[in-house]
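Just dropping this structure here.
We just call them A, B, C, D, E and F in the order they show up, numbering each chain from 1.
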Amino acid sequence: MQTTGRKKLEIIIEATVLRRVEQFLDEAGVRGWTVLPSIEGHGSHGDWSSGDFTPGQERRLIVAVATSDVAQRALDRLASFFADYPGIVFLSDVEVLRPERF
Amino acid sequence: MLDSLQLALTNLLAPAVLFFLLGFGAGWLRSDLTVPESAAKTLALVLMLSIGFKGGVEASKAGLSQDFASAATAGVALSFGIPVLGFFVLRAISALDRATAAATAAHYGSVSIVTFVAGTEFLRASGLQFGGYMVAVVALMETPAILSALLLAGSGAAGRQGLRGELIREVALNGSVVVLIGSFLIGAISGSAGMAKLEVFVGPVFQGVLVLFLLDMGLVAARRLKAARSLTPALIAFALVMPLVSCGLGLAISLALGLGAADAAVLAILAASASYIAVPAAMRIALPDADPGVYLTLSLAITFPFNLVVGIPLYTAAAQAMIG
Amino acid sequence: MLDSLQLALTNLLAPAVLFFLLGFGAGWLRSDLTVPESAAKTLALVLMLSIGFKGGVEASKAGLSQDFASAATAGVALSFGIPVLGFFVLRAISALDRATAAATAAHYGSVSIVTFVAGTEFLRASGLQFGGYMVAVVALMETPAILSALLLAGSGAAGRQGLRGELIREVALNGSVVVLIGSFLIGAISGSAGMAKLEVFVGPVFQGVLVLFLLDMGLVAARRLKAARSLTPALIAFALVMPLVSCGLGLAISLALGLGAADAAVLAILAASASYIAVPAAMRIALPDADPGVYLTLSLAITFPFNLVVGIPLYTAAAQAMIG
Amino acid sequence: MLDSLQLALTNLLAPAVLFFLLGFGAGWLRSDLTVPESAAKTLALVLMLSIGFKGGVEASKAGLSQDFASAATAGVALSFGIPVLGFFVLRAISALDRATAAATAAHYGSVSIVTFVAGTEFLRASGLQFGGYMVAVVALMETPAILSALLLAGSGAAGRQGLRGELIREVALNGSVVVLIGSFLIGAISGSAGMAKLEVFVGPVFQGVLVLFLLDMGLVAARRLKAARSLTPALIAFALVMPLVSCGLGLAISLALGLGAADAAVLAILAASASYIAVPAAMRIALPDADPGVYLTLSLAITFPFNLVVGIPLYTAAAQAMIG
Amino acid sequence: MQTTGRKKLEIIIEATVLRRVEQFLDEAGVRGWTVLPSIEGHGSHGDWSSGDFTPGQERRLIVAVATSDVAQRALDRLASFFADYPGIVFLSDVEVLRPERF
Amino acid sequence: MQTTGRKKLEIIIEATVLRRVEQFLDEAGVRGWTVLPSIEGHGSHGDWSSGDFTPGQERRLIVAVATSDVAQRALDRLASFFADYPGIVFLSDVEVLRPERF
């Protein structure tokens, strides 16, 4: 099967700002993404857990596959967002079938 | 006095308080006991739906009264005012940054619904009859504190990042406020016909939901206390003394507005209680720099247990002494 | 007539309907209120288990009857027939592709269990006594509509991809059918001894479960309506008029088969209701090309609220006028 | 004898047993029916909380007794001893490795709380009155079996990898033991005042929770049985005969210690039951090499259904024959 | 620690067809996989959410690490499946310990 | 936006030993991680599912982004742990913003 190179964006953010980040992805031209739940985490601001009572603090992991250009544009927008809001993003290479969909 | 001690002991031996202590002990000893996250959220929803509905039915029976207007005025004033006091105290006694101090103060101006529930259980056990409209006062007290905090902190992040919509939703349309007010109205509209259907659910079933939820709160509070990294003696003192001050303010304003002893006791309990659901959610959007390790630990792991075990009987006794 | 209006108002003021409207309002205003997904699934399970069990106990008391045979025949015929009508109407009035039209039609032939529950609550409040076997009719009506749709669409995907097993499981062994029929049989077998144990659970606790579930349905329906992209006036009209047509068919067949007014009203409500759990699940396997944005929006976000608020009292009044 | 058969039939027709069979059938036919994972965990929590609390209230009414001391001694001895017997039998009749044999034996020494609940329901239906302290005996029997297994297997992994803390927590502080003992103490402390609040929750609501949980156990047991790869006739025979042997040991020790027929029946049921929550969790840490495909399949998919459907009436009849 | 190159397959499909896709993986020689839940997603067919009442529409993320050959075989089989059923798949390079296990 | 190369560790382990593995990560110098739930899995020891009643057997997926050195150190520690406890780990290349955070 012929595969083509694309970029996978993975974004970890608080549930509270999910809608906003999805809007960035949309504006950057990302055509699809999937949001995964997470249970707990550790970082420079200490630990959090989905068992806590604070709805907004739970993290979501957004997985989005896109072309390199679109991923770069999303990254630019996220970088300035992360100046105010906590969150991390990482990028990696993936190969996909039917590249015209991404 | 002896009577108050007796009642305080009764409070301590209520299943709800004992289950909280069980959860706290299990969490402290790092037992693997957990209440699934989605169950805890559902239990919280059932608690809010039940107290809203019961309050609405009672309020519809009693009709609107001058007392409701007085209690509502008092509640809103406390919710606006307490954060201002809290903020300046925190800045004076600790090294907290502006955002964290404002966010923490907001928690103390707003209210804890479970503290309210435990308080009303205690009042009923003590034979004190408060107004059904106090549930509406709970809902009214949830959000003004958030607005105070935003003014104190001079928030900018939500504005800069186009999160005004999210912020408004968190402040005005957050789940607990919507369910509380909505269920109150539904109770008021469907009255005793509605109550006939939901009686068992909002009564005896609610009692079981309450002990399960308190078991979970104990677990979470203990785990948070163990994981706390930024607690100082001054902050701990704040979490123990601020409720007493707020109780005093609540009683003073109740006296000024001529509320009865039972309503005054509820108001004092609400004033002394600190939010741990609605306010933190709003703070993650409005003041993302504020440290949740401070405000959640103080409100959930220190003030809540203090109010549940010691505060509620104390504030009630004070209300009876001053007003009763 | 005046009486019917009175009853329609009573329906509107029932807690279950009011909680649906609360959820709908909260969803529409984009409140962050949510019922956890696993809670919603558990609530649905409890609803099905409860009505199945209660129906079985009642049926065991009454014994098998000619009325059951008639109602079952009528129900199966409606479930097979309505999708055929719906399909040709949809193809005539809209530009929907074959698969989407067939899938949508299947939803209207099958039934909504929550509409059934709300309908039976209303009938009880109106003093109308229907047969316990109607629960078995609900179960029988779930799947024939799916078979009709497959014939109409000429499905091939499931066959090509070796998903026949999955399809059979979704059609014949899907969770709601299994729980409904299973609980019905358990109720019938364990009879009043079983009822003595489960009375409170399937009675007053069920009422609480129902309002929570309807709160969630309101949230989901409003969110789906807001997100709808493929709604046209013709499709909206279909979602409002098709239930009336199905109600008419249900009453006609009831009259022909000599059913009583109460059973006929239940049958009309079932005919008018549209599935939103069992059928969509089967359609994702059988007709993966059909657009869920169409069939879920029509069934859950338009037809369900319409039936809950307006349809149920209307169909009941019609049944009484025609048969009572 | 006739009477026992009659009672056995009554057991078979209890809703709880029927719902287990419904779940088992649905799982076996690969229906897509599921009980959400977090719901199942919450239901288990409610079961343990309820039986703990009820036992505590009853024990507080009766006061401490010699019978409690005898039953506790017998229970702890059985929990320590049964795994030793089970281990050597398993090594003799099968090719199981040391770790898997020890882990499996531990399950049979420990207890199943749902089997206990079903057993006590059956005893009540049979008019047999056992002591409330038997709940404390359940809690005491959960863990000694784990210690026996560790001695038999000569575990090293947890030690090598610094998991002693986790192991201690799993053994001494695992969720079910904490909730069971904690609720027992809360019941004992809050007594009839506490019971007045929780009566409906730990009574009629509990019945509904029980049938839901058994429905899920049926599903999981059937799925596990279908997926089982390492079952041999010898292992199946072990899962069916070992409970009978343990029942015999339980009755013998009860006779020796002078327990009444009802308490002896409970002890026999506990001895015959096999753990499927607490012990597997401990075994994943202590004996990670042991194969869960063996011990979970035997305990959950063979022994549990056998005890629920056949064992409970049998052990009760045996207790009455020997002691009654 | 010595690591060896392998391929990671990530497959996003509807819960309904999970068993079928697992069967493909098995047939292709994949020896292990893990299935993750997801909460919501966005794509060319609109949005979906696990809070909806439709059981089958929920997405699952299958993660499977395998050799390049086996991954290629799984990809071939999936490509023809995705002609009828919605789903996406992407492939990336990973390094593993104890390569004989994959 | 300027990105920098880092390593992503993905670890699949039983819930029971999560705390221990987190401790290894901490000791190896990993500064942040996120824990995801999983639903079911297949491997050389058969199948497992989160619907089973055994709490500890459920798998967790830990995602941790770190420098190559730190990741290598974590890998070393995990390799010896996996001699006794079941679990798999894989490593891949990612690009991150603000590299000083990882």
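Note that a contact is a pair of C-beta atoms (placed from the backbone, for glycine too) under 8 Å apart; a residue touches a chain by one contact, two chains touch by 3 or more.
Since the model is a prediction, treat every value here as computed from it, not as a measurement.
Hopping across touching chains, the smallest step count from chain B to chain F is 2.
The chains that touch chain A as well as chain D are B, F. With steps allowed only between chains in touch, the distance from chain E over to chain F comes to 1. Averaging C-alpha coordinates per chain and comparing to chain D, the farthest chain turns out to be A. As for how the two copies chain A and chain E face one another, under half of their interface residue numbers coincide. As a whole-number value, the distance joining the C-alpha centres of chain C and chain E reads 35 Å.
Separating the CA-averaged centres of chain B and chain E is a span of 45 Å. Centroid to centroid, with C-alpha atoms defining each point, chain A and chain F lie 19 Å apart. Chain C and chain D have Cα centroids separated by 40 Å. Within chain A, residues 36-37, 55, 92-93 each touch two or more of the remaining chains. Annotation for chain C: residues touching 2 or more other chains are 32, 34-39, 41, 170, 175, 200, 205, 281.
Pairs of chains meeting the touch criterion: A-B, A-E, A-F, B-C, B-D, C-D, C-E, D-F, E-F.
Every residue of chain A that touches chain F in the complex is listed here, in rising order: 10, 12, 36-44, 59, 61, 72, 75-76, 78-79, 82, 88-93.
Considering their complex, residues 14, 16-17, 19-20, 45-57, 81, 84-86 of chain E touch chain C. Against chain F, in their complex, chain E makes its touches with residues 1, 3, 6, 8, 22, 26, 31-37, 60, 63, 65, 92-98, 101.
Against chain A, the residues of chain B that register as touching in their complex are 34-35, 37, 40-41, 44, 157, 160-163, 166, 170, 175, 216-217, 219-220, 223-224, 227, 229, 276-277, 280-282, 284-285, 288, 291-293, 296, 300. Of all the residues in chain D, the ones that touch chain C in their complex are 10, 13-15, 18-19, 22, 25-26, 29-39, 200, 203-205, 207-208, 211-212, 215.
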